[in-house]
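First subunit A sits with subunit B, and in the next complex the same chain sits with subunit C.
And then the complex of A and B:
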């Protein structure tokens, strides 16, 4: 069949199998090639490990990342962009201060690094305020220059001091949680921010940010913030990035098909036992894949019926698979033909 | 902490500390060992980084001898060498007098070893006997291995181990289950020092081939080799394969026994008179009888499996089973010898050795001692082979592309050395590092009227035209490897099926089919060829017909007496005949066995 815009897929074409083969065959090469990079410090997983990450629908990627473009009027101003980047970086107390607990005197000593303070444009009053706010009336807070002294009552249990200490270490001072690092990258004349760690929901709230251009490699987060349609596009985009980086020419329509299959239920399903293959329609097809007993027993409890509509089921029972030439069926109109013959 | 404190371990166990430099202790103890106050089997090593001193006396350490070097001078002086040659002293003397010592892997770390006497400096502590002693037994037998890449040497080693030759001289009286002997094995023209020590001159495994590096109409593609047909007919690379078949007269509980005999026609499983025509009266085959697959070589009957019922006349007639030994399908040969003996358990045992001459044929594997392996791509009549200006016709052609990327320079040097050896009738020394220089081969060749680089003018055997380029020809040792096509060839159209699954058997020994696997199936699915899938997976495999009850969906049965189909569950006679794979029938049975009742819902095909 040929239309005005090119070739169409013919009814009965096993697009799923062809998609799997089109992705799988270059995938073997990708695996072989990734061995060449052995020993190189590759910060972000690319190649096969990253494909597995996407296709398995992992909760978070191994190295979450964001690309954040700022509004047009700031983009060429390096200083401005840097300032925005600095405000993104998540700063906790122990990152800018040395902390010590003294169980005899029931005291926590905090010594804030002044150069860090200056770099981040913070001042001690703010930090003091944050600590006081966190502690409430649990302990007394004394501050002299860059030193903070937290005094507990003499009766305070040591375990509580340690608990408070651990919580204090992670005290939020500034920035957006989970964004561990933010650097600025020049692209042409413009600058944009690349971050280690991802927090889409918070980042898009910032006024300086051009929301439409924010990119994250955390697909689950995209799904949570923008919904399944966006997640579907994110999967395609992520896979395309990997394939392009490996120089594998894969038609985007196979990626679209894979992505559609993963997102068809409204949530992101992994490819495998817990996702797509585990939710196939046919009992036999599921049993043939993995966890045979589980599927057979569950099917018998529910008295399920296998309609024999898939490929695997028909191969097992030895029928013609309903695909390609097997999808065509002839029907014989017995009514009129036979009656005429009788007469 | 004392800086000089050193931990001392004996056989890995910490026994104490030493408060001086480790090197000092090492030298002290070594000296004691050399003068014989400590056993020569004790080794010491010192690791300055870990500040640990190790003394090892336990078993299982790999040790090798070195000549001791003192103050930049080898202890093995010319004087001692003379005495050794005369036979006045032996190796034990060298060991006892501090001239030679054994080092283990640990002590080697503290040694500075010179490979030749010339390179000894003040710093050296030991001298190796010969540079080529760094090699293992097999590697040492490879000529000019110092001119090859190490991977090629590794490959050459494993290929050398597969070479067919004269592995023993008493092969005529041996009953190895499988062995090969070469018809005219030759000692290589280019040998190494190891050949003297390893007795390889008495047990050669190969022949010296006249080899030209040339192509032949694409038949040398991808490491295929061309062989001269006349050379094969003269016996080049001809081997004989011995295969031994074994059978024992087994004893059964109840005093019953197997019996070697020509089975009587009443025996159950009798194969017909024709099958036993080669057997003598005692049930054994005679030597020099040609046999092939399926022929009985030892007739044997076993007692019945179950005790017979007493027949009408009150006489028990024993119904014995046929249990003869026959040649495996696909094998052929001539019975070489028949041996009758007693087995370990005292039962009579017969071993029949069958011999089969294996003439090189298309697909047999050959290799040189440089990891250059190849299979025969074409056997060319002598008159069609290219020939040199002098009228020399090579035995074998290899493709020039086999050389550059693999960088087996040793291969080329051996070819040149073999050629030089054959014109001046001498054996050349190809020992790594110290063997004959290839410059000397150039001189020998030039003196005998050959091109010093081994290149010669050639003529095409088919057209008679001169070949535009000179062709490199030499003599090199070729090994026939034991991957013979005649032992591997396999094809099947119809054949045996497995008892359990009704699917074709697997493997050459069982005349099996070739698996049409999951990925192959996926290819047909991707192409949409449904009918072909069904044919491969059902019609050509385990097609079965089962009866299904249309009422309850359980499998129905056929009643032969009333000649009707009925369902044993619901007594209905409304039954469909369904074609399914036998594997599916098995699946249904297994599901039933775990207590699940699978129902098949039938419908008309046209709907």
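And then the complex of A and C:
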């Protein structure tokens, strides 16, 4: 029990509840503490919103980002890393060019910014090729220096020109879709790339990248690309980082438990009415959480049975909860008459 | 004590069939009224005496029971025309869309049908033990014709809440019911129904159950008028319209009028079930208040489920203000006499305690017995008149409810109960005063302070519960937090200040004082004096440190700037005790190596000694402590000036557009980030200047540095400068167009124009600065309010999602379905509370015979 050996967890321990409290209680502590800093420019936590985001299993985080480490042999070479970073950044046509439609002449005019071209190491031939490829034989493309003129037939409907224009604006020129920004960051002697936006599937295909060290905060993407086990780890890691950065220590086992529960079905289930709580075993437990009528109505037509195996169900009907000392069952002869006591 | 060996094993949900409603009904309700002029319930009315009794003295006409014993009985209303149950409208729509209007077969081709049946068969075999998790909604493809009879399929739509359309023609509930009746049991099974318990046509009501009066009690106002429950009002409406509809039909009224009345009946039934349906106006009380009908009673925070079923009220509890008392043990709670006189503990009379019990009964003062429960269940109040009689009737096996006494086991709780240590087990200590007394060391887990906080106390009524509480919830077993394994119940604030001054430098005491310091903490052996005949503060503190403990630990304050605390073989040799040592290293070491009881003793004794020495030392703050010397003032001015110039330089660069952008940021963002870093940098420098300027002699600095109280930020704000104020983590930027206040120039981005406070609280703020402070302060208040709400909801969701996860006897973690979440808890079976603050144990190398309990 004592000493350095630690102690085993005991059967019956309500580990789920403790895990939930361990993550929930500091949530309110964070707020109450920030009160003391009364408006000074103290680094105010971005913690709670992010924890909620992870626990909610949102499809994409509010600010997706990646940390990408390049292969060891490039890591100290700033220029090389910068070049890789530049190649990551998703460039669409309207980011590097001014665009205009002329509905009278049935023409789209594109004026590419030469300095952007230079910065990104692009040339007009490539851009022209991309535009031609996109348009196919819908229109004619003329290019002179940094100007491109797209001529439609005189009979072309205006709405089609507008549609083409909108698609052209988002024409992929270079880089990886969804990577909005890529910057390099020095860490010791090495450089790594941090991106705004995340696209794990594409990034890990790049040859210069050290795949094992790529990190993204988009957990659903991790699940899609690497599978549920990786997503489980991602949830744990993400939560641990947030809690540590807030100076609120939490034992990793609680996060492991939460993460395991969220990933038990093979997909990531959110903590809430559409996830774990909405798929609980007990009807009463679900009804007590949210969407009470929906659960009762659906249960009634299916003639569902509540086995009363959870905590809330037993609280509701006033029985001992099957947790902690409540899991101990005692056999005894009641002494009243010959009736045999049940198990 | 009563034992029940009956237990509810499971609950099945189903629909009532009309026959069932009639069978369980005690009376057919036909009169849309309640009481007659004489104030008696009308037969066949809504408070028919067959429905149960709520008035004292009356007898139930169904079961003969009186107010307490009659559970109430349902009645029923025969509806002249069927109406749709609004909560089931969606499900009815689904059934209509899935079946043929003519032959009522399910709309599936033979192939799909076979496939589905196969699948259901398989699932049923597989899930014999699990419940029916099959999704209720089938994905039925839109087809043009019924595959069985070839009938062209109409387009079915639902106009919420209860009107159905077939090819834009209204389906009357009668037709609806016929359609639903025609669907075979087999097809219903395929649709997810269990036709034995729930047929879809039962959701189209022909009979309406009337709940017993217990469910909708009427209240008598002071004026003698009766005020009926919302449900009763609604039922009156229904019966009235039902009657009118009946009369109209019998009188052969035109179809149009009948349909209007029918629709009205539907409206009343709809609002009777749910008064918050979209597209229909809510039924209102005469006063304009929307009626609270069935659905409103059940759902939501104040609904039956959350308010009454998952939250329950208790007896044997007390609540009052808490106040501190450092002289009681951490696992005690001071209870006022008034509270102790009311709260009782049941004592079963045995041959060995019968004399004691009699003395309780005969007692005039305290402790005494409040009630005696005889074996036949009679409960007798003990007072001067009754006690002789009670004494006569007292037998072995009676239960005496005696008042609370010293040493009783109680639960103590402060809301919000955010974690399990918000409720702990204490021992009672009757004390003078009218507040609960609490050792301030246990404030941390409760998050309590003494600015008016109230706390709750619960007295457990069974021996089992007391034993469980003592083992699982006793304060000394909760010293370590289950969240991270660090000590949570630890010396704090004044204890640390006291320990610091006591062990500071070569502070020493003569023999008399040393004896006193030992005696307050209950130790009656003096250690050997280490300075001739004087005792150093260190040696006196060392008596609490286990003899085998040796370590070195870096300190933050003494000796300045960075020093070490050295403990060798349980003796503090060097350095002064700071927070990290006193409230983390020592208690955690003692807990792990000497157990909870020893830690409790350590906390009790050391806190008393340190508080005593602090009292002698004297500790106070005054305004003078914040008056900084001229040299430091100059330094501060230089720092602020430099900062201001740096900011100005940045702003100029920004205006000239020569500012170099930081990676991934725009020009303005760059400016703001850089200014923020400059100002926070300046604050750190100010902190250093203030620390150096004040030195050890300034209590504010000492207390901040050793971690006892407050932070140095407070000192800096008082003595140096207020610093940068912010709203939403940005420099202030709201107010007038391009400026905060009319005192500044348009577009001024300099430090003072954007919320930097150059003055300190000692010298006083400029009016603009006061305003900045108020802006920042408001922002943080708003933030706190929003955050508490958000985090509260998050915690509720987390707890609901995870509450069923427990460690089973095979040490796996499973949920309520008994499906495995973790095969081994945490990967190593370790209890995080005892896991030495998160150290991970290698399962492979760990021997399995380590102590488990």
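The rule we apply is simple: the second predicted complex is superposed on the first by the 312 of 343 C-alpha atoms of A that agree within 3 Å, B and C clash if a C-alpha of one lies under 4 Å from a C-alpha of the other, contacts with A are read in each partner's own complex, and residues count from 1 in each chain.
Everything that follows uses one rule, which is that a contact is a pair of C-beta atoms (placed from the backbone, for glycine too) under 8 Å apart; a residue touches a chain by one contact, two chains touch by 3 or more.
Predicted model, so just to flag it, every value in this text is computed and none were measured.
Visitor: With both complexes overlaid on chain A, does A:23 touch subunit B (first), subunit C (second), both or neither?
Guide: second
Visitor: Touch check for A:258: first (subunit B), second (subunit C), both, or neither?
Guide: Once the two structures are laid over each other on A, A:258 reaches subunit C alone.
Visitor: I'd like to know which partner A:300 touches here: subunit B for first, subunit C for second, both or neither.
Guide: Both partners, subunit B and subunit C.
Visitor: Could you say whether A:275 touches subunit B, subunit C, both of them, or neither, answering first, second, both or neither?
Guide: A:275 sits against subunit C, while subunit B stays out of touch.
Visitor: Could you tell me if A:159 is touching subunit B, subunit C, both of them or neither one (first, second, both, neither)?
Guide: neither
Visitor: For A:310, using the defined touch cut-off, is the partner it touches subunit B, subunit C, both, or neither? Pick first, second, both or neither.
Guide: A:310: touches subunit C, not subunit B.
Visitor: What is the shared patch of subunit A, the residues that subunit B and subunit C both contact?
Guide: Shared contact residues on subunit A (touching subunit B in one complex, subunit C in the other): 12-14, 17-18, 20-21, 296-297, 300, 305, 311, 315-319, 322-325, 327.
Visitor: Which positions of subunit B touch subunit A when the two form their complex?
Guide: Those residues of subunit B that touch subunit A are 521-523, 525-531, 533-534, 537-538, 543, 579-581, 583-584, 587, 591, 594, 596-597, 601, 606.
Visitor: Residues of subunit C touching subunit A in their complex?
Guide: On the subunit C side, the touching residues are 3, 5, 7-15, 87-88, 91, 131-132, 136, 192-194, 196-198, 200, 203, 274, 295, 298-300, 303, 305-306, 309-310, 312, 416, 418-420, 447, 468, 472, 482-486, 591-595, 663-664, 676, 679-680, 683, 711, 713, 717, 722-727, 729, 731, 773, 775-781, 783-784, 787-788, 790-792, 794-795, 797-809, 811, 813, 815-819, 821-822, 825-827, 829-841, 850-853.
Visitor: Spell out the residues on subunit A that touch subunit C in their complex, using ranges where they run on.
Guide: Within the complex, subunit A contacts subunit C at residues 1-32, 34-42, 44, 48-49, 51-52, 55, 181, 183-185, 194, 196, 249-254, 256-258, 260-261, 264, 271-272, 275-277, 280-285, 287-289, 292-293, 296-312, 315-319, 322-325, 327, 334, 339, 341-342.
Visitor: Which residues of subunit A touch subunit B once you look at their complex with the stated criterion?
Guide: For this pair, the touching residues of subunit A are 12-14, 17-18, 20-21, 296-297, 300, 305, 311, 315-327, 330-332.
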